[in-house]
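Heads up, the next two complexes both have chain A, just with different partners, chain B and then chain C.
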Partner chain A sequence: MSTALVIARNTISEALRRKILNAFLMVGVATIVLTFAFQAFQPRQELTLIKGMGLGIISLAGILISVILSINLIPNEIERRTIYTILSKPVRRYEFLLGKWGGAVGTVFLNIALMSIVFVIAVAIKQQIGGQDVDAFQLLKGALMTYMQLFLLCSLAIFLSIFTTPLVNFFLTLSLFVIGNLSSFTQDLARNSQNVLVKYFFTAIHYLVPNFGNFQYSNPLLNPGVQVQNEALFLIQNVVYAVVYSAVLIILAVLAFDRREV
Partner chain B sequence: MADAIVIKNLTKQYPVPLKNEVVNAVDNLSLNVGEGEIFGFLGANGAGKTTTIKILLGLIFPTAGEASVLGAPAGDIAVKHKVAYLPESPYFYEHMTAPEVITFYAQLFGMHREDARRKAAELVDLVGLGGKSDVNKRIHEFSKGMRQRVGIAQSLINDPTVLFYDEPTSGLDAIARRDIRDLMLLLKSQGKTMFLSSHQLEDVEAVCHRVSIIHKGKLRVLGTVEELLAGERVDIVATGIDRTTGDRIGALVPGATIRTDGTRTLVNMASDQNAVWAVTEAIRAAHGNLVAVSPKRRTLEDLFVEVVGERIIIEDDIATTEKVAANAAGVPANGAAGNGRVEKSPASAADVPGTASAAPSASASDTAAPSASTPSASAPAADEAARTKPSVNKYKELHRK
Partner chain C sequence: MFSKSQRQGLLGVVAALVAGVVLLQARIDPLRRQDAIEPKSVQKAIGGVASGQGANQAALPFEYLLGTLTGFRQVIAGLLWVRTDSFFHSGNYDAVLPMIRLITWLDPNWLDVYSTGAWHLMYNFTDTDQRSDRRYLEPGLALLDEGIANNQHVYDLYKEKGWNNFDKVKDYATAVEALQAGEKQDPNHDVTQIGHLLAHSLERSGNPDGAIAQWEKVAKSHKAILDDPKATSEKKGRATQGYNSARENLKHMKVRRIVRREDTQPPVNAHFDVTVRRIKPKVLEISGVLNLVGAKEFDMGTPENPGQGILVEGPVDGARVDVRLQDQGYAMKRQKEMTSFEVDPSVTIMQDQLSTRGGKMVKKGSMFVAHGKNAYGSVERNLERVGVYGFTDDEVAKFKLGTVPLSKGLGQLSATGQLQAVTAAYPLPFGSGKKLYDASEVAAQMAKLRRDAKKLAELDAKNYRVSLGEGYQYGTFKREIDMSKDPGMYSFSKDKYELILSFNPRTAPDFVQDRIGWSGEGLTDDNYLVVDKERNNLRMLRKVIVLTKDDLTGSGVKTLTGTK
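== the complex of A and B ==
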């Protein structure tokens, strides 16, 4: 397992040097800071706007970083032939894959953490100025849900990268992300359809495609009146869901990668 | 001597896209490499060399047959602790410096970070990248030769028992090439097993105990360097003889190659004292001038070209391309010379009528004996050690520690 950690650390250090990922991160951070420029609204409206925009920016930048990073990790190693010198060392294929996956989720964690810190500080300053209570902990829960969503997204993209080219994977992963965000819609279609085939089709989609919509936590953050019933259970369920679903995807990826020629 | 590498009936097929066909990258290949042996694995581009090495390392899987390294199936993790691989044109993480790359690879062997760093510093120094300016350079700033040096360094991290080197001197300048060759000679003297694929035939000839040549995935030649290069030839140069005399010489010495270039006639033939005498007599009888009689040592390049090559033969200013047949006079056929084994390519003699006895006329002039700086394969270990460069001495010290 220490081999996987070495590979993960190396993947993170490589990813943090990638210009395109840093560009997304910088744009994300800059946009969160720029939300200070909104002064045409009432303080409460302004705060809601900052929170909404901040979470949206973290999510959007995170999605782009996760997808672009994850779809390229394995194909790049094969294309650049760096995998030859690694797999000729005493490195098991699953250790290599776990290392790459660990590097991806680690990189995304660092990016989300950085944007979240800036976001929480920005909101806290606004709340202090407006004489309101600082709800940093609530904001961090929102960031955690965003991260778990991206954690699952990384796993999905890495799983698909074993079978597809990066270009196909880019569109496939984003499509599945959109479909996964519409899980309640696909569930309704499955329930209400009269056609048996359509019913089974949407049922299959609902259960097979990761339910990315579950991780939405912006409503209670933006509307102080809205409370999530049994919030602790909601958060734990989502974390467990992301971890278990990712584990299944990575196990499948390991099985497929074990016999893949490089 | 136990076998370090065993390949039995190895076949690797790839499907041809959009066709119901397969192409044999490796075709029923069988060979053994003994422990402590430096084994040259030669072949033209696309012959199946790298595919075979990748199978031996477990990077790809055979369609049929078996391959084992140090007694374990190819790709076994325990064996990889004792194995090193230098791919052709090695690629590394571009954002790293050479010491960082080596540290990373050392950690893959389970070394602690500090030990790995120390090892990396030693190896980077060994391959000549320990200078201040090189140590801080990122790989993307490296030349091809510098990358190759990093590749060599990463292959020595674990003090391997078996080394797979795929074109180790590719892209290197003459000095660097000599350094690497000296390092290979040192590894040889240390009893390492090396599976060496290279197009630098001089290096192979100098370093290897045995050599094989594969062509289109099939084994064509296998034997010791001495066996394969046995059968000296002689060049006889004369002036002032006509074509009739040339024909007469041809009749006197079957298998001789006669090439006329203006007023000069070159006869290339097997080194047989009586035959040489008969040819010189024929030249004298025709009132020709005998310019030179010089023995020519056969080289691996001659053999390689004979087995797999196509070359342009220039005779009387007319250039023709023809496949070169296995040279019957020089190549020990089908195990005739000890263990040396030559399997004639079906695409050589049989494909080109008339070429089986007509050895390539250009070969004699092209095959200069190796220069004095090229050590023979049987040079004693003491000679090899004496030729090592400072970097090689560093390697010795490194492994003495």
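== the complex of A and C ==
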């Protein structure tokens, strides 16, 4: 397992040197700072706008970083033939894959953490200056949900990268991301449909496609007056869901990669 | 490479984990579908696109729809709100409405959008003369009700509903209901915003005892904040202002509760009458008479030691006659949800207020100010308080008041006239604590004035005179209301209309209510007095004139009612 950790560390340091990923990060941070330009609005409206935009920018930047990083990790190694060098050492295929996956989720964690810290501190300062109650640290719950969503997204992209080219993987991952966000609609379609086949089809979609919609948790953070029932349970269940589903995808990826010709 | 048994083992683990995923999702679903996390109204924003229900429906562009569906719902709402703000500042008010509809669907917990949207609907659509388009009151109130339904435990929208009913609709009973609900639903409500407005609403709804109880409650709440060691200095600062305001209002209410019992009797006859003329198509001239009497000087005192109440009374300016032209039988509907922001173009409603001015009186032996030909001359505030009015030459002749200057008429001054003369000559210093000279002081000051030739010359130069006759003139109102400039707002598509002219004592200023009472107890009228039992026995003046479409849109001058 220490081999996987070494690979993960190397993956992270390689990823942090990649210009395009750093560009997304810089754009993310800059855009967060720019949202503080909504001064034409009343303080409370301004804060709602800043919080909504900030969380959205973190999410969008995170999605781009996750997908572009994860779809290329393994295919790049195969294309450049560097994978032979690694696998010729006593590095097992599953260690290599786990290391790459660990590096991906670690990189995403660092990016999300950086953007979130900048954002939360900026909001806290704004609230303090404005004489408002400082609740900026509640936004970390939104950051956590965003990270777990991206954790699952990385796992999905890496799983699909075993079978598909990066270009196909890009569109496939994003399509599944969109479908996964429509989970309320698939659930309603399953519930309301009269046709048994259609009912089972949408039920299968609802439960088998990763439910990225579970992690949309911005409403209570933007609107503090909203009362959420069983908030802690909801957040914990989502974290466990992301971990368990990612485990499914990574185990399947390991099994598939084990037999794949490189 | 894994062996066959290892592969089977791993696949078994995968199967177990998949079952775990399905079970977890089944547990997450009910929590996720709660309105606090996933509002149901989002589907309406999306359905607006899918259903294609014409221009009346708000619709999201595709890229916004995609953003909404992929978890960027509130980012989209934020972007739309920024866009809405730019539409507002560029004067494109109609474009603001579908945006408000979409944003409140996308984020039904964003309070500011509801409150700003309702304000926009109820205040910003006006005609050329800045009269509100009252057809927008229905969707505005519906939007607030919808916002309250989506945010039941937060006071903000209850306050907005209370304020809009108080200020715009003048439905004080509904304002009271909304504010009381806000107090109950949100124990952390802002005392000044909810509590103070509730007290004012109770007073305006004809419940002064309820208002007094509310002021006491509000003062106590502010005091609790002041006594709380954990309260911030900012919060204490606001509580100090609120406490002082509440105590002052409480004092006024309690004293008035005592003194108005006597001060409002006997009732004043308003002699209300109105003349309406059509001077051009869709242009009305409304004029009339209203005898409005109020307190010129008032002695407050304290609740423990109330003052004398009204010291000097007489005709006053400032109260308003409401004029409303509407389709016959029109009644505002109350909806629970804003189903449409379009208004019915066939409905006509015009509402305005006419100020009453020019009431005056003088008794034999009192003072008056001769204004000559100047119909807009003013009287010093100091003299207004003691009941001195100004009269033009025509009025002096009409009432036969004479031309005796003050210096020559000292011997003819009545007791009231002497008080007026010494007040004019030797005004009481500001901050002296005295409202008026008492009888012994008047006598002493009159003796001094008789010897003070220089002062008398000064007063004569100001055209102060002693009245040889009696004169009384009722207050009048007059306005030309031009509805021809806004055909979109005043379509006149129906056959019959009601022109309603009314005076409501509950909306009159304090100095008028001091004489006629909170609910018109001190008001009467020969022809137009109405007692409204549904509004706590409100005694008000109301005249309704039924007009036809031709009356309003025909050409030429036509008197529609009255004697002129």
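Observations on the structure shown:
In this section, the second predicted complex is superposed on the first by the 261 of 262 C-alpha atoms of A that agree within 3 Å, B and C clash if a C-alpha of one lies under 4 Å from a C-alpha of the other, contacts with A are read in each partner's own complex, and residues count from 1 in each chain.
FYI, contacts are C-beta pairs under 8 Å (C-beta built on N, C-alpha and C of every residue); 3 or more make two chains touch, one makes a residue touch a chain.
Not measured: the values here are computed from a predicted model.
Annotation for the three-chain superposition on chain A: chain B and chain C fit side by side.
Once both structures are fitted onto chain A, a short way to say it is that chain B and chain C open up an angle of 160° at chain A, using Cα centres and rounding to the nearest 10. Contact with chain C, but none with chain B, is seen for A:Pro220 once the two complexes are overlaid on the shared chain. Residue by residue along chain A, chain B and chain C are tallied for touches, and C comes out ahead. In the superposition on chain A, A:Arg259 makes contact with both chain B and chain C.
In the superposition on chain A, contact is made by A:Pro90 with chain B only, not with chain C. After superposing the two complexes on chain A, the closest approach between C-alpha atoms of chain B and chain C comes to 8 Å.
On chain A, the patch touched by chain B and the patch touched by chain C overlap at residues 259. Across the complex, chain A is touched by residues 54, 57-61, 77-78, 80-81, 83-85, 87, 89-93, 95, 104-105, 107-110, 151, 154, 164 of chain B. Those residues of chain A lying in contact with chain B across their complex are 2-3, 6-7, 10, 13-14, 17, 80-92, 259, 261-262. The part of chain C that touches chain A in the complex is made up of residues 1-2, 7, 10-11, 13-14, 17-18, 20-22, 24-29, 31-34, 36-39, 66, 69-75, 77-78, 81-82, 85, 107, 109-112, 116, 151, 153-154, 156, 234.
If you check the complex, the residues on chain A that touch chain C are 38, 40-42, 44-45, 48-49, 52-53, 55-57, 59-60, 93, 131, 149, 177-178, 181-182, 184, 187, 206-208, 211-220, 222-223, 225-230, 233-234, 237-238, 240-241, 244-245, 247-248, 251-252, 254-255, 258-259.
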